[in-house]
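Structures are listed in the sections that come next.
Heads up, the next two complexes both have chain A, just with different partners, chain B and then chain C.
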Partner chain A sequence: MRVIVPIKQIRDPRGVKADPRRQQVTLEEAELVINPTDRNALEEALVLKDKLGAKVTVISIGGPEVEDSIREAWACGADEGILLSDELLAKADFRGAALALAKAIQKLGDFDLIIAGAMAADTCQGQLGPRLAAALDIPCVNDVYRILEVSGGKARVIRGWDEKFLEVEVELPAVLCIAPGANVPRLPHGARIMNSYQWEMPVWKASDLGLSEEDLRPGVEERGLSFPPERVRGRVSRGSPEDLARELVSFLRERHLI
Partner chain B sequence: MDFSFSKEHQMLRRMAREFAEREVLPIAKAIDEEHRVPMDVVKKAAELGLLGVPFPQKYGGMGAGEIGYCIVAEELGKVSSSFATIIGAHIGIGAMAIYLGGNEEQKKKYLTPLARGEKIAAFALTEAGAGSDAAAIKTRAVRDGNYFILNGTKQFITNGDIADIITVMAVTDPSLGPRGGITAFIVEREYPGVRIGKLEDKMGIRGSSTAEIILEDVRVPKENILGPFGAGFIVFMQSLDMGRLTLGAACLGGAQTALRMAMEWAAMREQFGEPIAHKQSIQWMIAELATEIEALRSLVYRTAWLVDTRQPFTRYAAMCKMYGSEVASKAVNIALQIYGAMGYSRDFVVELMYRDAKIAEIYEGTNEIQRIVIAENLFRDFGVRIRP
Partner chain C sequence: MEYFEIMMGEALEETAYRDILVVAWLEKGEPVPATLEALGKARELADSLGAYVKAVTFAAGEEEARKLTGYGADYVYILQGPALSQYDLEIYAKALGEFIQEHKPEIVLFPAIAPARELAPYLAQKLGAGLIANCTEISLDEATRTVIGAHPMYGGEYFRLLANPGLKPQIVTLLPGYFRPAYYDAYRTGEVQTISVEPVPSRVKTKGPVDFTVPKGLDKAKVVVSVGRGVKGQEEMELVKKLAQALNAELAGSRGAVDEGLIGPDRQVGMSGHQIEPKLYVACGISGAIQHYYGIRNARCIVAINPDPTAPIFKVADLGLVGEVKDIIPAVLKELGTR
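And then the complex of A and B:
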């Protein structure tokens, strides 16, 4: 049984500094960490390793610094890791990144599950899981809180549904997108940390995946970042319910909201 | 010159920090109030290898060296002096004595389960009449065939009541004095005649235990002599050197937390219509403290580097302990002063940190003894011998 966990390296949101007055966000001082929800995904994969002896492969895309996060995932218990990295891949947008990851997963051969974090804490897009499923033409279950059982070519999982939970059965191979906070991810063992740089990590380029510059051309253009407008302080009114209702209605009318 | 940590050590710091914040911080106040050693959390630390940080992997350790151990001590020191003390006494002096003085068999038999955290270590040197004057110990070990019979009472032993394996210093030949007359022994808690006496009701570090260990006709096999016979003084001096360095690292952690809390409070607390951080009196306290913390950081990690590169470090370890504990005490004092009356209230953690900090100036060799060690080391270069 093989489980693939795509992870993303992000700047630790706790270390990001925002200065709305200067319209400036300082990212560089924040530590590079594994996206928190991807750690939840890795945890689910490692539970399957503990229970069913699954082989866990971690895969990521980005610059050479992403190697550190893959090695951290290895220290947590993953069996192997692959980095997709070169100048072409560095320019890829969500579509390009998902395409490259899908190609890499195909290159790896047979697999049973792709367990991904439902969303990255930096971009909050939640595109990767569904895009991977589409590219590989396999089912995808989003917002997964728990994997109940994996057997007989199927997985039974609990997913969020509206404000309820839904039990779902899905045929394998499939993509499961793990919800933020679905579990408490394990910490790496110290001895594995100390050994985590002692194995050779395969680094695949766009050409290794059969991808050209054209394939990876971004479809989204980033034109700049800006802060949301400052919020106007709310108004507190007091009085009888009738007076308050009257005041509220006139307030909304003045602003043409009703 | 390169001040950066290795990738492995950076990863270790992330792990230790997350462990400290996730497992230790939430119980830090409760273990003080309940005077309770959090054995469940110690077990969790063991599962991550945190009870064997500096020891080689072949003995079940993490293989992270002294730099790695200082990183862990610093991160634990940030959240709980009690917890840092439990781990410090276990690794830094208890198991360290076996690592430094033990033969291959002793390391396999005793160090391995200690490094894995399956067993807990304590270091038993101090007695009622032998604190700073460690050579004045009265515990006797008398040979009886293939055994030594140990009798005596050890006092203020950190981890005393939770330890499975205790390194005990005992007099084997009173006529020879400290050099030649004291031998180190590995004593198992289960040996008949080992008894736990009084548990200290302490001012601080109440989440760690400090106990009296009574030895009554304890038969210890001669295979459990640690280091050469009669060389106990060297074994414990070497172990204490290591312990002093990492105590300095734990103090570095505690001092940083105090500084951060003091700054957060100064930025938030408004008096005379502005945050008290706008007052020069506060700014000077913070600026001086932050400078001393940075100096301590350099001292601690340079000393750890000396250890890992096998260079002499005794004077620097004493400096780490002395300066570290004094910076930590200064830090909690400043934090409490800036918090004002709120800091004096038990509703806030500052008073706990204040009570916890003082012991670092006392245990593992008082700061007065550290000054003697430093001076002795310095004057040796000038041909002057100093004895306490």
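And then the complex of A and C:
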């Protein structure tokens, strides 16, 4: 049984602080980490390795710095890791990234499951898992909280939608997108951290995947950033309960807190 | 107009995509609130672009789907077929994809609700299209007919503006609660058409609800509603619990609240309890001694409700409301319910 886990390296969300006054955000100071929900996905894959002897392959797209994240996943227990890296891949948008991962997965051969994080904490888009399923023409179940059973060419899982939990059975191969916080991911083994730098990581370019510049041409354009209102402490309001309630609710809405 | 387009030669292909399509969800015979927000935005975009609003929905009755015209859709299409009575990603995507390829909408809006969070990116990939997901704001570059969507980065620390000018259709999902819903006008009319969809085999079976809860910890909670000594008795505690529920929040308390028996010691926040970093911390009847503040110093936003205007919590709160918990919370619950 082969399980593939696509991971994304992002800036540690806890270290990212926007400065609304200067209308800017500095990302470079935050540490580079594996997207937290991708760690939940890796954990689910490693549980399948423990229980069923699944072979776990981690794939990521990015520059040479992403190697560290793949080695960290290996130190957690993954069996192999592949980095997709070149200039064309660096410019790819959501569509191109899904296409590249799909081609790489096809190149690896047969697989049973792709277990992905449901959302990256940086962009909050949640596009990759479903897009990958579409590119490979396989079914997808998102917002998965638990994998109950994998057997007989099927997986039984629990999907959570709006606080309602449903048992879902899906034919394999399939993509499962794991919900944030679905489990407590394990930490890397001390000895494996040292050893993780001893194996050579395959690095595939767009051309290795049979993809041209045209295939990966990005369609999405960034048109700037915007910032929530600046934090001012010590604002105190008095009035009728109704007025205060109205003020509170609009305050929360302005800051996208509800 | 048509003649002009033909004169433009190549432009014909480009402008073949027109109108705004809303993928509408109905529940118990009514459009869900997030659908109304998408219809409201669609109407606005359509009026700026001189286009029609079309709504497409799955396996709905004709009468209930007709309500969408009252909410601003000029055309309503019901995709109908035995395989569509229950949501299935691949079946819905195939039916919707074929519909989109035939109708060529310029812009497609989805409410970013549970099935669409999966369906929209899946469909975008199948169509070779771009997608801006979870938008909190949408604007239009009228000159190039380009939709610009703002979406949260790092959980809303800031927002990024994206556009998909080259790829058609331009697909966007709208986070519920950020857009003005369409209003109902019984006199508005439109065409309703049913399209039958051939059955295709399903590879995903929903077997039914299961008893399952996610273990949520205080340490990871995004929103925390917290009580202190100022919350008097079980009756007021019930109000706070209702507020927590309305805000999808975890409950916590100060040392004082633990002493009063309002909350268990495992939920205590402060120097001798949990140190938390939620996006929103609502302190109800907490004076905010330094020991307590230590536990919430990394909260991104602090709101305080307290009758004593000199309470230290007001110095650190982003918004302080002077008043009794028993008066303010019911008004807040009412305000949250009437949106």
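Here, the second predicted complex is superposed on the first by the 227 of 258 C-alpha atoms of A that agree within 3 Å, B and C clash if a C-alpha of one lies under 4 Å from a C-alpha of the other, contacts with A are read in each partner's own complex, and residues count from 1 in each chain.
Assume contacts are C-beta pairs under 8 Å (C-beta built on N, C-alpha and C of every residue); 3 or more make two chains touch, one makes a residue touch a chain.
Quick caveat, the model's predicted, so the values are computed rather than measured.
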Contacts of A:D68 with chain B and chain C, given as first, second, both or neither: first
First, second, both or neither for A:G181, with chain B first and chain C second: second
First, second, both or neither for A:I193, with chain B first and chain C second: first
Touched chain A residues, chain B compared with chain C: C
Touching both chain C and chain B, counted on chain A across the two superposed complexes: none
Residues on chain B engaged by chain A in the complex (per definition of touch): 7-8, 10-12, 14-15, 18-19, 22, 47-50, 52-53, 57, 61-64, 68
Chain C-touching residues of chain A, taken from the complex the two chains share: 11, 13-14, 16-18, 20, 25, 93-95, 98-99, 121-135, 139-143, 145-146, 156, 158, 160-162, 164-171, 174, 177, 179, 181-182, 219-228, 231-238, 241-242, 244-249, 251-253, 255-258
For the chain C and chain A complex, residues of the former touching the latter: 89-90, 93, 113-115, 117-126, 128-134, 136-137, 148, 150-167, 177-178, 203-214, 216, 220, 223, 247, 277, 279-280, 301, 303, 309, 314-323, 327-328, 330-332, 334-336, 339
Touching residues (chain side chain A, partner chain B) in the complex: 31, 33, 68, 71-72, 75, 184, 187-191, 193-197
